[in-house]
Structures are given as structure tokens and as C-alpha cells.
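Structure, as C-alpha cells:
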Amino acid sequence: MSDYLLETKGLTIQFGGHVAVSDVSFQIKRHTFTSIIGPNGAGKTTFFNLISGQLKPTAGQVIFQGRDITKMPVHQRTRLGLGRSFQLTNVFPNLSVLENVRVAVQAASGGGFRLFSHYKKFHRYEERAMELLTLAHLDGKEGHLAKHLSHGDKRKLEIAILLALEPDVLLLDEPTAGMSLEEVPQIIEVIRSLKDSGQHTVLLIEHKIDMVLGLSDALAVLFNGKLLAQGSPDEIMQNELVQSAYLGGLYDDAVNG
Amino acid sequence: MTTLLTVKGIQTFIGQYHILQGVDLEVEQGRVTLILGRNGAGKTTTLRSIMGLTPAKQGQIVFDGEEIQTLKPHLIAQKGIGYVPEDQGVFSDLTVEENMKLAIRKLDDATRARQDFVLDLFPDLKIAWKRKGGNLSGGQKQMLSIARAFVNDNRLLLIDEPSKGLAPIVVEKVMESILELKKRTTIVLVEQNFLMASGVGDDVFILDDGHTVYRGSMADVRSDEAVKKKYLGIGL
Amino acid sequence: MSLTVNLLLNGVALGMLIFLIAVGLTLIFGLMGVLNFAHGAIFAWGAYVGWAVYGATGSFILAILAGTATGFVLGFVMERFFIRPFYGNHVAQILLTLGLMIVLTEGIKIFFGPNILGFDKPELLQGVVTILQDPFPVYRIFTIGVGALVLIGVHYLLSRTKYGIIIRAGVQDPEMVQALGIDVRKVFALVFAFGAGLASFGAVIAGPSFGSLHPEIGMQNQLAAFIVIVIGGIGNFVGAAIGAVLVGITQTLMAYYLPEAALAVNVALMALVLILKPEGLFGLRR
Amino acid sequence: MRERIFNNKWLLAAVLVLLAILPFVGTSQFLMLMLIQVFILAVYGMSYDLLLGYTGIVSFGHAIFFGTGAYSVGILLTKMENPNLLFVAFLIAIVFSAVVALLLGVLSLRVKDVYFSMITLAFAELFFIVAEKWSSLTGGNDGIPYIRVPELFRERVSLYFIALGFLVVMFLFLRRVVDSPLGRVLQAIRENERRAESLGYNVLQYKLVSIVISGMVAAMAGGMWAVLQRYVSTTVFSLDQTISALLMTIIGGVGTLTGAILGAGVITFANEWLSSLASVHPIFERWLIFFGIIYIVIVMYFPKGIIGTIRDKWARSSERGKRDAAQTDQRGKSVL
Amino acid sequence: SSSSTGGSSESGSKDPIKVGVVTSKSGALEAYGMQEINGLNLGIKYATGGTNEVNGRKIEVLVEDDAGKPDEGIKKARKLLEEEKVDILQGSANSAVALALLPLAEEYKKVIIVDPAATDEITGKNFNKYVFRTGRNLSQDAATGAKYAVDTLGKKFFHLAPDYVFGKSSAAAWKAAIEKSGGSVVQEEFAPLNTQDFTPYLQKATQSGADVLIVTWAGAGGASLFKQINELKIAEKMKITTGIPDIAGIKAMGESAVGLTGMTAYYHGAAKNPENDWLVENHKKEFNGAPPDLFTAGGFTAGIAIVEAIKKANSTDSEKLIAALEGMSVKGAKGTYTFRKEDHQALQPMYIVKLEKKDGFDYLVPTLVKELSPEETAPPIQK
């Protein structure tokens, strides 16, 4: 068995003539925190989509826990322990905030096909969902329909849903984009606690470089669909190309400080 | 200094919910006015009310001396107000080209020049010109949305969280272009990225729970730790 | 050989006729996404008014104009007062347009009676030409020609003007289109009315080809219209035309070679296409 | 909130009691007949609501199940020597329709949205055509008259109670389904299929379960219909039959179950009332037009159906603030 | 069960006699339904000498709309039987509805006079003793048309009919009748009822080697079909015969059907008898000068039969009515109708007509070619 929890081999996907992810071979060790950075359109989200199964690669493999899951449908991957959040908010609009999370908790406990136990009996689910909403700073809004939430609140709901799945691997796609200033640190704390728990493996896409540096054990850089570099945060920050083509001048302080 | 846009005590309802309960803004010509506040404070709803998308039930919105709170959105837009919504509002079935074509109000030389300018600003769009809006990356959608607003000769731009999803270097470019645009147009900006906001903002309004709770200059806010802590949760 | 050619030509003519019926629906259903069960009733109104004007004036041109105008006005009123609040709401559209369908169909019975009416071809277009020994009606040639013209015209309108993209955008997010300074409601009203006008235009052309009218004539043809749009791929205008011709040819060939199955041709073809290609022949995978 | 829930339960119970004593207070045979029709059609409507309102799929082929049930029961009762084997006929009808539903689901569920609607419509047409062509078995358009049923099912009062019981049992069953964990997943699928998938739910399987349950319930309603009419013809497979399910559900309110019951009542009684007006005044000769107008008025003034809209209004007028309103806004939640 | 005894009673009663009609007042066969109803009312009026009373009791006609749907028809019939306690049923325009009503007649023990529904099954496989039919059935149609066609048009036939039970039964009836008369059917083709382009079928007909094309078509497509037959000049290649439709149908065929010969159950100008004269006169008087149409005659005769049966039985009791009706002859719009004892089917005169242009008519006028006697067109007993 390999040392890696999650591994991609020569992963490639092509849309028409455009190669969005190109021959990416990438390994992640159990219980590590890896961040993926790269310019807009570099293929980060597409790479996630390939891992979580939303897209099927034109070439290459995805290996999870030593199993080739390249052809596995989305829902099975989730059951295996691969959970993800979405860059563009993706919730159940006409269900209450609580129900959004509750249905995720239910999914994690595998209780979907039960017909003859009234859902109200699933108090456990509801309690767990409330805990998660509190964690994501959505307590007090559990009765709202998800579509009525403000943008930032939807992002929090997105995270709560992901946490509800209790996945081994969390794929987080810009979780804090649009979240308000004061709450970003709190959400970061939640993510950090996942890392610190030593139970989870986290893969994070994020443009907020200071956040990435503070959290990550390792960094990977995607550029034009290719895996440009992989290494410790310090190593990557020294990379010329990353400096000039991705960061620009704005984050000089973050990098140097 | 002239005031281009005045928002006076607007109250907005969505369905039965009372969302804005008295929002005031004064937007000076040629300046960047920031609207800040927590998630759910009502920033987006304020911009939508100005655009006429969620019309204000009470209060006044005066643009260039004319009350516009009762006008339909397309008429408001035709007055020269551009809008970058927080969810990008990119049409996923249309190509980037068609998205741009739809946005362009009048195709003249000046517009073509502005189109060249935005395509230089966001070369990604040039590459993705024939791609469907729905297939763009998150950041590319954000670029397209900004580009659609920049391409017209607008007198006022309402921009809702432009930095969201953009790579740092692009954020920087957007900031620069905003500073550049400021010379010919007026900008109202909602932004959570304080680094960016403080880099371009002139005046600041802070909303909380559907009310305007603070107004001042950027310099004031930057130096006023109490305000920052109370409304923005930044304890530096 | 001559038989096959003749059958194929008939198939194409039938296909073009179906296309003329479907063309308005490609705008209203295909592009605007309105599940319009009253489309057939508008078609029928066009045919009946065309018939009446033709009978009264003897001018087929006037009949076409009057019929088309009827559909246009009906469509405009329908959009303005009924459909407008319910874009994107299929459930409401179903109930609403079924209601309108009943009202319009019963209206025909009130104004024109429930009986079958004969619709004769204009003198100029009567008769047959001989193609490879077999007679082929002139009117079918006319139908093919008109169908082709409409195809080109509408295609031009959609691809060379902003209307096509405004509708496609407006269906997804009408608010944003408005925020770009476009009066999306006006455009929708116009396009809806235009689609209805096309339906009634097609009806006046189709009337003499059928030779007779009855109040349910719209309902009878509506299903075929939906079918060709779905086969062609919803929203794909040219696809609908190809779908229509495909249906026409298949129908004709089946009627000759396998008449036992003729009854099932349309729906079986649609089911087959969808099973093999779930988004229709030229539809986009969403 | 609690109070309202409580009230509604009592309201429904009161209606039930009322219906139960109706046959004993000199109610006419014909009114009972109409109510029996309403009860049976209500079950058919509710079965459709499971698909439309709770799973979010618009099927134009629901008549397939109603028709399968009606024909299975009708043909078996005609072929079987002993009409008391009715239950066997029903059992076979249910099993058969479950198989049909499964096959139909497997074939058509890979197709999405309106395309799904159209492919189900195509299958329904094919069923209709088969029933028409296989006239040695089905009588085609002329139908099967003289279906024999047990005495208990001929007698109006006993049939009334059987139908009422059928409705109550099916209502409780379907309510249990939509409020079960399974039902909640269906609603999540309705809201956002892709997301439900990424939560680990096998969407296709859930939709299949939904279609099969819905199909079996619809088939039972069809079987009851055959028993009531003692006649079956191809109309049970017609598009009209599907549309009637659609209409009942939409008129009452999509995603409410009780709405379908109300919808069945509205349609049945409006139909009877309007068509009998024709003899009152010639203006009603074209009485169908008023039917059309009713649909239009309902959409314009009750955009979420009668029950759906009233429930909304209720929530709004109670002014319990945002949270409460939001909760009642949630379509999936039953009034009970 | 719920059968009632309400209105059936002794001659002393002054309660009105109720005739319940279930037929199409809406839907595809609306026009036929209206002809039937108008005929029925006139028939009762005629047979009662304008009083609408028999044995001192008023006759009330209660009409319910079945919209062409059997389920609706069943409900309406039950309403008439249970609420209105009608003494006798009459209907309907749609064969399926009529078939659905037969068991109800038996269950409630009420006589039903069927007209104009034509399917053989009504007095055949699905017969019960309460069922009588004034209308002709498909076999009578076929016997009429076939005999004439084999005698005068040719020996080899091609049959085009709509692809559903009606078309199939018609084809079978024609086939039997043609073979009986010494001809043969070389090919039968069934096209979908909503066919709009008949070219492929017509091509087959011309290639089949048959001398005669029989067209059986009910409903809207008929007019289109004849226009296409005309356009494609089929008549130059073979003879054509058909069942001539009602006036609206002929009108819709336009000029294309000039000279077409075929059978018909009734045309007001073809029948020569006092009953018909009265019918034509009074129909015109009552309906703006419109003459009685194809199915007015059947309704008229049904009305007369109802009155005559009640007179003869001196009761509305069903058993007595049955006894009175069995074997009874009535004089109706076409002359003498006789309810055959075995299957209660009324044998009646039938017509062969030719469509001709005539001044003063805006449609091609069916002119009598030949009248066939009731015996000549008697269908086989099929029950």
C-alpha cells in the first residue's frame, strides 16, 4: 500500500482544444494540510472536480486510499470520505439553513433510505446540525431559507455542510471568499482546528496568501493547468514566477514578513 | 465638489422582510465611496435598491439631481450607471463575446477603445472569448463581470466585492484601474478585502443591520481603531 | 427509384409543414423556455382567421396577413397579461396555458362553429407537377419554399441582431439583463408575440395543405411541434428544422413500408433520440 | 407554530369525521359517487405530487401507472372466474406497475428536465398505442365493459367507505414517505441534484425509489377506478389522464399532498357544476370555457396553488417575523 | 344494489316520463351529438302530435354531456338514473361511451336506445336485453356499400381506414360483406387517425392492383383525404367509394368530391316518406332553415320509437317496454325500422348516393342512386 492517502497520476482534462489540467501527478500524505495556489483559470477548481468526480479526466488516474477511483461516481467518492465545498455557492435554495446541514449529517450517517422512522426522531441529526451552524456563525439563522441568505452567509453554510459530512479529506475551494473581515479569522480557526485534530486531511484552494501561509504544511502551484511547483510554503514563496505572475506587489509584506 | 448620488433614508422590503431600514449615502463626483459592513448588513441590497432591482419602498434616491427610486432598472442603467453584482451575473449560456456584446450599450469608437482596455486588463477574457460564460473559472467570471461594467461610458459604477476570487496580482490590477477610472467616473464599492478597500477608497459608509451607522473619510476610518473594531471587527 | 424520390420529397414537404407549425414554438418554448400548451390554439386561430379572410376577400395574401396579425396580437396579449409573471415557472405555465388553450379553442367554436371547414388552395398554387412520373402537388413545393425562407429569416434575425442573446440571457437572469440597460420585458413581449405570429403565419400556410380545419387542429399539431423541437435540441433553431424534416421523412417512409407502426413514429423517434442523445440531436449538454 | 400545527391536525380530523357521517345523513347516491371519484383521484394526484412536488421531476407519463393499474385490475377481474379474488388482482397490478415504473425510470431518468418530461410523454403515448392495438385484450378505444366486482364494491355506501379508507391510508403512507429521511433526500434532490450527489446520495437510486412508490400508488388508484367504473378503455393511458394529475396537484398546491386532495375535489365538482349549468342558460353551452377561466384565475390569484398560497398568506399575516415565515415558506414541510 | 323503481309505473301516474340522454355536447363529436338531440326532440314531438305527452304524461328529455369520454358518460348516466330517476336512456355519439353505458342499463334495469354509435359490439358481443338500437351498425354500412360496389364498381378492393378499433371493425365488416357479394379485398391499410399526408397510402392503393378504393374515415381527416385523392388524380387509376359524411363534412370536401359515390345512412333529400317530410319541414322551421343532417334521422326515429313503445306497453316499466320493442316496427325518417328480436338491432333502409353539384347549394348534394331495403342490408347476428 502506498504512503499516500490521495494521489493523482498524469491527470489531464481537455475541453475542446483547451487543456485545463495537464498531466498533473500529485501526492498527499494522510493528515496533512496542503494548499493549491495559482492564477485565475489555472485549473485549480477543475482539478478538484476531477478528484471529487464532477468531471471525468481525459487521461490519468485518481487514487484514493490505494484504490483507483477514476471512474467512480461522485456519490461513492463522498461515501469513501472525499468531501468538498464549492467555489460558487451551491446549496439547497428552498430548504431551511438547518435542513441544508441536517440532510448532510444524515448523508454521513447513511440513513437515507429509511422510510419508516419519522425524521423528527432523528434528533441527533438536528442537534449535530445546530452545533455545526453555531460553529459556522449561522446560529439564529437556522430557520431562514438558504436562498434568502446574504452572500457571505451562504459561504458559511457551504462550510457547515462540508463539515457535516465528516470527510477524511476536505477539499475547500476558496471557503472564505466574500466573508466579512471579522469572521474570516474565526472560520480560519475552524479550519485550523480540523488540521490540529490530526483526524483530517485538508486540500485548500485560496487566493488569500497570508491565510495559506499560516495554515499549510505544503503548497502546490498550478499554472496553465500544469503543476508548476510543490513544496514548503517558504520554498514556494521564493519562486520567481509565483512572485511576478501570481502575487504581484500587493502581498510583498505577507511574503517577506 | 458635487454630489452625484444621494440616498436618503431608504427602506427596502424583500417579500415580507424589512431589509433596509434607513440607509443614507452621499456619493461625491469623481471619488470612490466605500460601503462596508458585516455579512448580511444590507450592502448588496443597498446597491440593488439604487439599481431598482429591489426598489426602495420609502426614501429617496437622487442621481444627478433626478429622483430615480421609482424608475425601472433598465432606465436607471441607461442613465449611465454600471453594476457589478456580487454573484457576477454572468450569463452561462452565452459566450464571453456574447456577454460583452449584450453589455455594450452603444458600439462606437470610444467603446471599442474601452473594450481594448478591459481586454488588456484581463487577458484571460481574450483567451476565453469563445467560451461559454458558464465554463469560466470563478475568477474569470469576476473579470467578465467587471469588464461588462467598465466597457460602457458610465457615470457611476456600483461594484459589489470585485476582489472576491481574484488572484492577488489581478486584484492589484483592478485596484489600479479603479484609480484610473476615478478620473472620468464615480465609483461606489462594496468590499470585504480591507487591504484593497483602503487602497482605493475615499469616503466610507458603514452599514449594520440595514442602517447607515457610520460615515467618514477613509483616512478617518484607517485611524479610528474604535470604529474598525466595532463595525468591521478588525482589531489590529 | 421514382417511388423513393417521391416519398422523400413528400417527407421533406411534410417536414417543412411541421417546421412551419413548430417555428413559433422554437422561440417561445425553445428559447424563452415557456411550456406553452396554448400554442396550438394560437395556430388554430391563425388558420381560422386566415380562412375567413380568404373566404371573404378571395385574397390569399390578405389571408396570410390577417392570420399572422391575429397570432401576433393574441401572443402579445397573452404575454402581457398572463405569462409575464411566470417565466421560469413551468408549473404555473402548464396550468395557465392549459386554461388559455381551453378558452381559445372554445372561442373558435363560438365564432366559427364546431364543424369541419374546407380550406381550398389559392388558384395559383393548385395542381401538380410531374416529378419522375409521379404527380407532386405544387402547393407542397410552395410549402418547402416558404419553410426555407422562414428558416433563413428567423435565423438571420437571431444571429445578426441582439434579440437572440437577449432572450437567452433573459431566460437565465432577467434582472441582470435589465441592469445592463435593456428593457427585457419589452423584448420578451415582442418575441413572444412574434413567435405567436409565426405560428399563425404557419397556420395560414398549412391550412390549404391540410385542406380542412377543425377546432382541435392546433392541439393535433402541437405535439408534433414539441417533438421536433425536442428532437432537434431545445433552443437550437436549425436543429428544430432538421428535426422536423427528419420526422416528416420518417413518417412518410414508415407509412409506406411499415404502416403498422406509423401511429407510433413520432413518439418512438423522440424516445429513441433522447435515449441515445439525452439533449436532443443538436442540443447542448448542460 | 405549534398551535397552528395542532389546529390543522384537528381540521383534517374534523373533515374526516364529517365525511364519515355523510352517508348517514341522507346524502344522495350521486353525491357519494362524486366523492368516491374525488377520493380515488386524490390518491392519484398525491402520487403525482410525490414526483412533482417532492422530487422535482415533471413527468408527462403518469397515466402509464394509472392505466397499468386500471387495466391489470380490469382485465384480471374479467378473466378470473371469482370476483372476490379482487385482492389478487390488485396485488398483481401493484407488482406489475412497480416493474413498469422501474423500467421506465431506468430508461428515462438519465434524461433531464423538459427532456425527461418529453420522454415520459413518449412512453405514455406508446402505452396508449399498445393498448389501442392490442384490442383483443383491451378492447382498444371501445374498452372493456361488464367488469365484475365483489358485491361490497358495488354497493355505494360500502364502496364509499372503502374509497375513503383508501384515501386516508394512502395519505398517511405518503406523508410518512415525504417526512421520512428518504423524503427529505428527495426534497434535497429537488432543490439541487448535483449537490445532493456530492453529499453522497445516489440520486438515480433515490429517484427510482420515488418513481416506483409513486407508480405503485397511482396504479392502486387506477385499480380502484376500474372497480368503481367497472369499465376500462384506452383513455386511462391518455395524455388527458396525466394532465388531470398535473392539474389536481398544481391547483391544490405543489408539494403539499393535501393540495392534491383539494385539487381533485375542485376539478370533479367544478366539472359537474359547470357542465350542468349548460341546461340553465345557453351562455353555458360552451361551459368548458369557464373551466379554462378557472385555471387562469387560480394561477393569477393562487400562484402556489390553493393550499400553497393560503399557507403563505397565513404565515405572512401571523407576522411572527422572519424566521417563522421562512420555515412555512419551505415547500417540503407538511401543514400537519 | 342501487337500482331504483322510482318513475316506472302504472298508466295512472301523472309524473312526467323522463328520457335521459348521454351524448357529446362538447369534444370531437359535438356536432353529431347535437344532431342526435335535435332529432330526438323532434321525434318525440312528432310521435305525440306536438303535445310531448303520452298516456297523459309529459315526456321530459334530460341531456347530459359526456364530452366524448366513457368515464364521464358513466358518471352522467348514473346521475340521470339515480338523481333524475329517468325511465329510459338514450345515447350516444361515441361508441366507447355507448358501450360503457350498456352495463348500467342492465344494472338499473332501464332500456337504452342507442343512436348514433355504430360499433357492432353494442348489439353484438356486449349485448344485453335492455339494449336497442335505432342507429345502423357498421355491418349495415358495409353491407350497403359492399353490395353496390361489387355489383357496379369492381371486384378487387383496397380498403383505407383509420388505425383504431373503429377502422378495424369497419374493415372486417366490409371484408365480410364484400366476400359475401362475390368480391375480394386485396389489401387493407390503416393510417393514424391524425394523418395529414395520405400520399404513401394512396400510392399503395394505386399499386395494389385493386379496382376500387374504399375509404372509411371518420372525423376531420376525411376532407383532407379526399382533397389529396383529387389532387393526386387517384380517380383516374381506380374507382373510389366511401361512407358519405354529414353536410359539414361534404362541405369541407369542397369541389374535390364531385361524382363520388358511396353509401350513407341518411340524407334528407334521399328519403321519401311523410315522416321525413315532416322532419325536414319542422327542422328547417326550428333551426334557421337548416335541414336535418346525417344523425338527426336516428335521433328522430329513436324519439318515435320511445313514444310508440310506451304507447304499446301502456307503461314505462322496463320489462313491458322490452316486450313491446322486440320485433316492433316503427315508421321513422327513412321509412320502416324493425327491431330484430334476436339482437334488438333496427333493420332499416340504407342509401347509395352520388355527390353532385347543384344550384342553390353551397355543398355537393348527395343524390339518390339506390335505396337498399332493410332486408338487403341486414347484418349478421353477432351476439
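Labels for the chains are A, B, C, D and E, by order of writing; each one numbers its residues from 1.
Everything below uses one rule, namely that a residue touches a chain if its C-beta (ideal position, glycine included) is under 8 Å from a C-beta of that chain, and two chains touch if they have at least 3 such contacts.
Values in this document were obtained by computation on a predicted structure and should not be read as measured data.
*Asks:* From subunit A, what is the lowest number of touch steps before subunit E is reached?
*Replies:* 2
*Asks:* Can you check which chain pair, A-D or D-E, has more C-beta pairs in contact?
*Replies:* If we tally the contacting C-beta pairs, A-D comes out ahead.
*Asks:* Counting in whole Å, what is the centre-to-centre distance of subunit B and subunit E, each centre being its mean C-alpha position?
*Replies:* Result: the chain centres lie 76 Å from each other.
*Asks:* Provide the C-alpha centroid distance between subunit C and subunit E, rounded to the nearest whole angstrom.
*Replies:* 37
*Asks:* Subunit A to subunit B: how many Å between their CA centres?
*Replies:* Result: the chain centres lie 28 Å from each other.
*Asks:* Once you find the CA centre of subunit B and the CA centre of subunit C, what distance in Å lies between them?
*Replies:* 44
*Asks:* Mind pulling the residue numbers of subunit A that touch at least two other chains?
*Replies:* Residues 148 of subunit A touch two or more partner chains.
*Asks:* Residues of subunit D that touch two or more other chains: which are they?
*Replies:* Residues 132-133, 286, 288, 322 of subunit D each touch two or more of the other chains.
*Asks:* Give the residues of subunit C touching no fewer than two other chains, as numbers and ranges.
*Replies:* 109, 263
*Asks:* Could you please specify the touching residues of subunit B with respect to subunit A in the complex?
*Replies:* Interface residues on subunit B, with respect to subunit A: 14, 17, 37-41, 44, 86-87, 124, 127-128, 131, 135-143, 161, 164-173, 175, 192, 194-195, 232-234.
*Asks:* Would you mind writing out the residues of subunit C in touch with subunit E in their complex?
*Replies:* 3, 6-7, 10, 13-14, 17, 109, 114-118, 120, 126-128, 134-135, 137, 209-212, 214, 216-217, 220, 251-253, 255-256, 259-260, 262-263
*Asks:* Where on subunit A does subunit B make contact in their complex?
*Replies:* Contact set of subunit A toward subunit B: 15, 18, 38-42, 44-46, 87-89, 148-153, 156, 173-174, 177-183, 207, 209, 245-251.
*Asks:* Where on subunit E does subunit D make contact in their complex?
*Replies:* Its residues touching subunit D are 1-2, 25-26, 62-65, 67, 69-71, 74-75, 78-79, 82-83, 95-96, 99-100, 102-103, 119, 121, 126, 163-166, 168.
*Asks:* Write out the stretch or stretches of subunit D touching subunit A in their complex.
*Replies:* Interface residues on subunit D, with respect to subunit A: 176-177, 179-185, 187-188, 191-192, 194-203, 206, 209, 322-324, 326-327, 329-332.
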